[in-house]
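The same chain A turns up in both complexes below, where it pairs with chain B and then with chain C.
What follows is the complex of A and B.
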């Protein structure tokens, strides 16, 4: 009898235990949320039909299925019910409408949610979907790094509407991350740090000691990170570097230059200002900052080295972005004389430029260190197979549980926190780590972590992959190519997908834009086209012949076939109505940015010399769509009709007044 | 004539249930003899064998877990694809979408643990009660094979979720098999269907787990229980135990 009672009792217990699961199933949080959404929708509905739609909404799991994205399924919309529902603007989460972006709301069905945001799309409860536990496989990207999602599909260095990601990618390239680390798409990366062969004749042991201790303290523009070398390491490295052989022809050039008589410092100062060196360099922090600070240059390099270098930078440093100016020998002497007079470290000890007497034992130790510390990764000699840094491939999808936090017990156990600590203080994780310390500020760290999180372990399928459109970058060979290389046009200007980011004038279709004769004059004596921009074209002292050759080549090669030679051909005469064009100029408010005569704003280029500078076909196309050639042009697109654009072009073409001759060196950036 | 009598007189009822309802010895015997599922069991058992302390019900518990495992296993098979891109994802689908999916999976898992545990205890019980002695020596061997089948089922099921635990568990296990002298390499290749834990291994383990091993297990369980009956019913504590102080 007891046995039967026991049996009855245990059966009852089992039944209750079994009933627990269906009850739990029925009480899943998303069901309550969907009921809540139904009520919210009814309260917000503006029509009977909408109210009916909300009230008849079934309680069910919602999902977005993406067969072409590895059969991806996102069930985020099970709770985030209002992402594409305009009526839910400003509603409490999780019902709020997705803020408008480049892809939302129209592309939600095409991309789902986790493709951009991370997180577990299959999950139907919050903790698992957002990946808040430390062992989550794909946690959601924190808001700070949300642009990492853009980078999963978009390979371009600069991704539209993703400034953090873009600056992170640019910063990684600039900081030479890929010199040591392998990364997909950067296999051919070569760091452009200067070769060190001429160092024994360039600088002194004291300066090198300061530099190796902390490069940023010596030069705020330095790209070289801090290797946290000990005194002994610095000593060994110095002996090795000063023990290197200077190539004979450079040694000869430096010796000769050093023996020249001193130049005219006052003339050097003028030359320095009018050549616009600070379009790249800085002097006491003033200038573009993409090239070394020159404020204390005379305490950094010897006179002979400076003179020889400025005369022919490419012989010293083949991959430099610095143009070879057509200075005369006396010009360079004068400029360096000014450096010696004014741009020196007046607090420096007298021996700052005294070279080191090399001790062979130390030098051998230094050579080993040069290899083991990884100096060779940037200063020449690195080959693809030798990259010793961990492969960055898939770093954005590393699981937090598989990361080595080492000594850093203070960190949150998440991938973004780990990455941020790695790029802030790489050596705090363990002893014996090689990675140097970069002086990134908070915004830069955020940008780099975003760019790192954007590196997936498996590339997205082709249907979702967006590679940057590769524009042909034709750089002619022969005489023209040599001139372009000599003046390093591509250090500032862009041609197709190649080139620097200093100039705002790409050369890709320059031939269709400017008149050949104007270009010849401009190349000889460039002046400021947009006064608001501090970086002006340097006065390279291009000779008449070189200028003519370049202008001819540009007019011939860099042509946009869709730009008409004569936009008025075949159009009615009324399209040339200049009076109407002048009226349009006022109507569209062009004067708030452009100057004609003496009136107008100075954000855009003055239009006084339009006829001489610009081709009418280009002006016409530009007015139709100012962002046609560069997406970041600020001139608004007014959606002008062809007639309006032509009339405005006709009016601008009447502006033929000769430009005021530029006053050399009178720019506001003039130094001292 | 009551409705019950009318039903019992229909030809359909009589073709299915051929014995009377009176609680006579004959009818009780017929219930057992005429039923495929019950006839492995003896018609009569001694009352003392039903006492809990007699066998601790360990064989029964093991059989009950087997039935739970077959039932839940069949349900799980509806939601599972033995392929590399699908297998782990199906675990997530069970967790996130299938109604009571987590319960189903956990039931299968806990029942499997319990089955191994109770089978071990069952074996110990049989050993300490000297039930391996003649005439039960053959059934002891059948039992040992059943234990091995249970362990193999447990091991093959371990790989199926295709998560890290599964992958490394099976990597370690098959590497242990590799250490066997002479045939080690071949055994490993045979188990994995290749040299690494891959989709071939997954498919092989799936077929073993869902077809080969369960069929063998059920056949041997039948033999096992049938032999229990043929060997004179379950043997509890040996009689001499009570005699020795």
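What follows is the complex of A and C.
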């Protein structure tokens, strides 16, 4: 009897336990949400059919399975029921329609949710799915850093529609992060900080002391971070740096230049302005800012050093982006004379450029410090396998619980908060840390944290990996290559996927764009094609022979095969109707940005010289699609018909200024 | 017995009312504020394509504005902002001034910008309201 009772009782317990599971399931929050969504859908439905669709919606887990993305399963749509439902625009969360992006709504089935947003796709409970606990493996990216998700698949430095990520990646490269830290895709990174071997003849101990104390305070364009060196450290480093041997030829050049008679400061001022040095440098903050500030240059470097450097920067600093201008010896003397008159620190002590008398004991200490503080990572001498910073592989997927917060008890225990503190005040975590302090503002920090969160521990499968298309960058060898290297064309211009971004004119298809004779004249005396752009082509003092050689090479090499020589070939005569072209010029409102004669705006290049400058085939292709060669061209695409584009081309080709003087080498056959 | 029935009834009533509250659909009228990402994208588009004429603050005082007659629209003007719906603004951007019966000096951007870029820049223009 007792046994039977016991059996009855245990059966009852068993039944209750068994019943617990379905009851628990019935009470799960997503079911209530789905019922809520059903009512919301019915209330928002505009047709009986839609109403029926919402009311017949089963209450069940929804999921997106991505077999090609490591068998990934996302159940986010179990609660986020309206992500792809246009009727849910503006609905309360979690039902709201996903805002439109490059991949949504059309690609939701291809990517799911967590591939971009992070989070735990399998979970159907909000806290687990969003990963709000500190030991969550993949917490969701906070909205501030939402573009980190783009970077998981997109490797390019500049990712379209991801401005924060792109600027973060650019900043990391510019700040030389990869000089110390290993990161996938940046294994070959070499910082291009200047070599320091001519320093003893360049500057003085006082200037170096100020620089090492805080580079940014000396030069706002400085990329060197603040190493928070103590007075003793600075002393030791100074003795080491001033004790280095200056290479004999450079020493000779600096000595000779220093002994030259003073130049003509007024002429130097004019030369400096027309050479457009501020297309890269700044003077009192005015200019591009990608090269050092020159406002106090004469209190930063000695006269002899400046003269010798400007004459041949490549001998001092082989990886510099600065061109070797074809200045005469007097030109450089005059420019430096102007530096000495005007561009100096008038508050600086008299000894700012006095070199240090080297004490060998301090110098030896300094040499050790140069190594241990990591100076050599940027200033040359770094060998493979010597990168001493922690690897950045997988930094974006580090668990918050695995991070060392050290002394920082004030921080939120999350990865983004940790990263932001690391790049703001890296040495606040513990004593003895090496990472220097960069002066990033809030937006820059957000951008860099976004770029860091985008670094996964394992790369996404190939099917999801999106590498930027690489465009061939042909840089010829021989005499032309030497000219291009001398004037450092690639510092500002893009050729294929290589080159700088200071110029808005890539050279990739320059040969199909401009007339050879115009280019010869332009290279000899460049002028401003778009006057509103502050970064203008410098007057490099290119010789006529060099200009002709370069123009011939450009006409031959940098050619777009899809651009016709004669766009009118095989077209009816009415396509050459210039009167109709002129009417189109007015109808399209081209004059809001372009000048013809005396009328028009200053945004685009003046068109008065179209005939002399541009080839008709290029004008025609440009009018058809201005973004054809460069995506960020501002000229709108008018969706012109071929006939309209041809007529407008014909009209623009009639525009010409007074005939230009003959050009040396004009009409010469291109070098075969 | 009656007390027990009363108790059950009260519990049931409470349960029903709580269900009602949970299931009541929220008001559909409210337009959500733009996400930070949309605003940033819109700002990027604005600063690339619009700033030259309409200016940094949208006041119609870009560096290219002085040569234009009629003058570029003051986008920050509250009266203008109130008078135009998002769809109106997007339409004018897409088809240009000539497309909506105004000056052709405002070009059409429909072939250059995607719809979502245009929508994003409309949201950004809304944020320029003074």
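Miscellaneous remarks
The rule is simple: the second predicted complex is superposed on the first by the 636 of 672 C-alpha atoms of A that agree within 3 Å, B and C clash if a C-alpha of one lies under 4 Å from a C-alpha of the other, contacts with A are read in each partner's own complex, and residues count from 1 in each chain.
As a working rule, a residue touches a chain if its C-beta (ideal position, glycine included) is under 8 Å from a C-beta of that chain, and two chains touch if they have at least 3 such contacts.
This one's a predicted model, so the numbers in the text were calculated from it and none came from an experiment.
The superposed arrangement places chain B and chain C next to each other on chain A without a clash. Once the two complexes are overlaid on the shared chain, A:147 sits against chain C while remaining clear of chain B. With the two structures brought together on chain A, the opening angle seen from the C-alpha centre of chain A toward chain B and chain C is 80°, to the nearest 10. For chain A, the partner that touches more of its residues is C, with chain B and chain C as the two candidates.
Once the two complexes are overlaid on the shared chain, A:656 sits clear of chain B and of chain C alike.
Contact with neither chain B nor chain C is seen for A:443 once the two complexes are overlaid on the shared chain. Once chain A of one complex is fitted onto chain A of the other, the partner contacts of A:354 are absent, as it touches neither chain B nor chain C. When the two structures are aligned on the shared chain, A:586 is found in touch with chain C, with no touch to chain B. When the two structures are aligned on the shared chain, A:603 is found in touch with chain C, with no touch to chain B. This overlay, made by fitting chain A, leaves chain B and chain C with a least C-alpha separation of 23 Å. Touching of chain A by both chain B and chain C, each in its own complex, is seen for no residue at all. Chain C meets chain A in the complex at residues 22-26, 28, 30-32, 34-38, 40-41, 44, 48-49, 52-53, 63-64, 67-68, 96-98, 103-112, 115-116, 119. Contacts from chain B toward chain A in the complex involve residues 52, 85, 89, 92-93, 95-97, 99-100, 102-103. Interface residues of chain A facing chain C in the complex, by the touch rule stated above, are 32, 35-36, 39-40, 43-44, 90-92, 96, 99-102, 143-144, 146-147, 161, 163-164, 532, 586-589, 591-593, 599-603, 626-627, 632, 634, 636-639. Residues 3, 21-22, 24-25, 61, 70-71, 75, 120, 122-125, 128 of chain A are the ones touching chain B in the complex.
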